[in-house]
Amino acid sequence: MFIAKVVGNVWATRKHRELKTYPLLLVKAVDPCGSGKFSGDTALALDGGVGAGPGDVVLVVDEGGSARKVLGAPRCPVRTVICGIVDQTSSGDEVKKYA
Amino acid sequence: MFIAKVVGNVWATRKHRELKTYPLLLVKAVDPCGSGKFSGDTALALDGGVGAGPGDVVLVVDEGGSARKVLGAPRCPVRTVICGIVDQTSSGDEVKKYA
Amino acid sequence: MFIAKVVGNVWATRKHRELKTYPLLLVKAVDPCGSGKFSGDTALALDGGVGAGPGDVVLVVDEGGSARKVLGAPRCPVRTVICGIVDQTSSGDEVKKYA
Amino acid sequence: MFIAKVVGNVWATRKHRELKTYPLLLVKAVDPCGSGKFSGDTALALDGGVGAGPGDVVLVVDEGGSARKVLGAPRCPVRTVICGIVDQTSSGDEVKKYA
Amino acid sequence: MFIAKVVGNVWATRKHRELKTYPLLLVKAVDPCGSGKFSGDTALALDGGVGAGPGDVVLVVDEGGSARKVLGAPRCPVRTVICGIVDQTSSGDEVKKYA
């Protein structure tokens, strides 16, 4: 599980039928400690019903079992899902507000 | 889950019987934000019925449970599957068309 | 599984209902051999009932099946869970006390 | 899933009883595009019945569920299994023959 | 799956009840080809009944399903387990003896 920023959208007309219902978002992990810069590669995530969009800092769970449970879609090919929108993080004395 | 470009094909005469039905494709993750350059190593993926081929930019799900569901093959040894073909991505003001 | 230090807290008002019960913690893997410096990226973890907080060095299990078992929450979208608090490590002649 | 070269053998007298039946092989991922050089660390794999040996370029599936299905051994502690022997790859105009 | 050296021990009084039975070991992946130097980060592993200790070179399976089967503990939060002790590896003409 990690914290990421939604950095974009993806459109795909031809895709598995179980994926048709969900917006496809690009997310990039952020390190909320210190610089707050991006870490790791851009991943593709589905919104698990929290209404996330570009610019939001979100909770990402990168595990197939979790993703299918969140979507209530046991046959959906999915591994990465957005499960929350981060309001604030604290690390030592440093507090960051995102929402 | 990530976005990748199909960069090649693989032929294997001797392989597990459950793998005989599916084309084997080489995919390389791309970062649709900014430079669009490749990120990460070349992976091997099966086509989950979307008809992808070299040059296509695709949705890849890297999880065994998903892959077996997509193929409808509960006994197939598979982890990485192509689930869609990307038409377009947007990130900030930047829009990229792939199809 | 790895050893990590709890480095912060996360607040998220809008999140999946199954996540509402658990504190969200930021953890950073530490290498208990040699320098003891951080390794890898900051991850997000749930406390599996051990009462961990910022500053603690903890046992982290990064696997969905384990995480849901620890929480006793079979429908929770979770992958990373804190399962213990480290008292001490030894490596060669070097002993480090954390608690 | 990835393509790898078998680079060695491993002997272990004391091991889990379910592992006693299978040869233990060392594999190293190769990138079949461009230089064909190794990428990533050396992994340990079991042969899923294709008769692979040192020097072969193989299909590797790195997922526990797949590995146990391939071996027909539902109680075997295994994650990485060789599922095929690569004859040839193509990437753009470049064709590589391995067998 | 990978080969690793046991490099230390971990003590944790407060931990999940299912973890109380097993020694907690620190392991560091080794590359048995060429230099034999360490690769990757230090991980935490449970001994799956082979009696491994500091200095041993071991077989590590990093997958939850495998780990729980090896321990015979279906409710244990565990992902990384030691399944064997390596006697010897060979790679090309190079043979290394560990035990």
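First chain written, first letter: the chains are A, B, C, D and E, and each begins at residue 1.
Keep this in mind: a residue touches a chain if its C-beta (ideal position, glycine included) is under 8 Å from a C-beta of that chain, and two chains touch if they have at least 3 such contacts.
Values in this document were obtained by computation on a predicted structure and should not be read as measured data.
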Intersection of contact partners for chain A and chain B: none
Type of chain D:chain E copy interface by residue overlap (half), same or different: different
Angle, in degrees to the nearest 5, of the Cα rotation that carries chain A onto chain E: 145
Gap in Å, rounded to a whole number, between the CA centres of chain C and chain A: 20
Rounded Å distance between chain B and chain C, as computed from the means of their C-alpha atoms: 32
Shared interface positions of chain E, touching two or more other chains: 63-65
Order of the ring members, counted from chain B so that chain D is second: B, D, E, C, A
Of chain E, residues touching chain C in the complex: 7-16, 19, 24, 26, 28, 41-46, 54, 63-65, 68, 75-80
Residue ranges of chain C in contact with chain E within the complex: 1-3, 29, 31-33, 39-40, 48-51, 59, 61-67, 69-70, 81, 83-92, 99
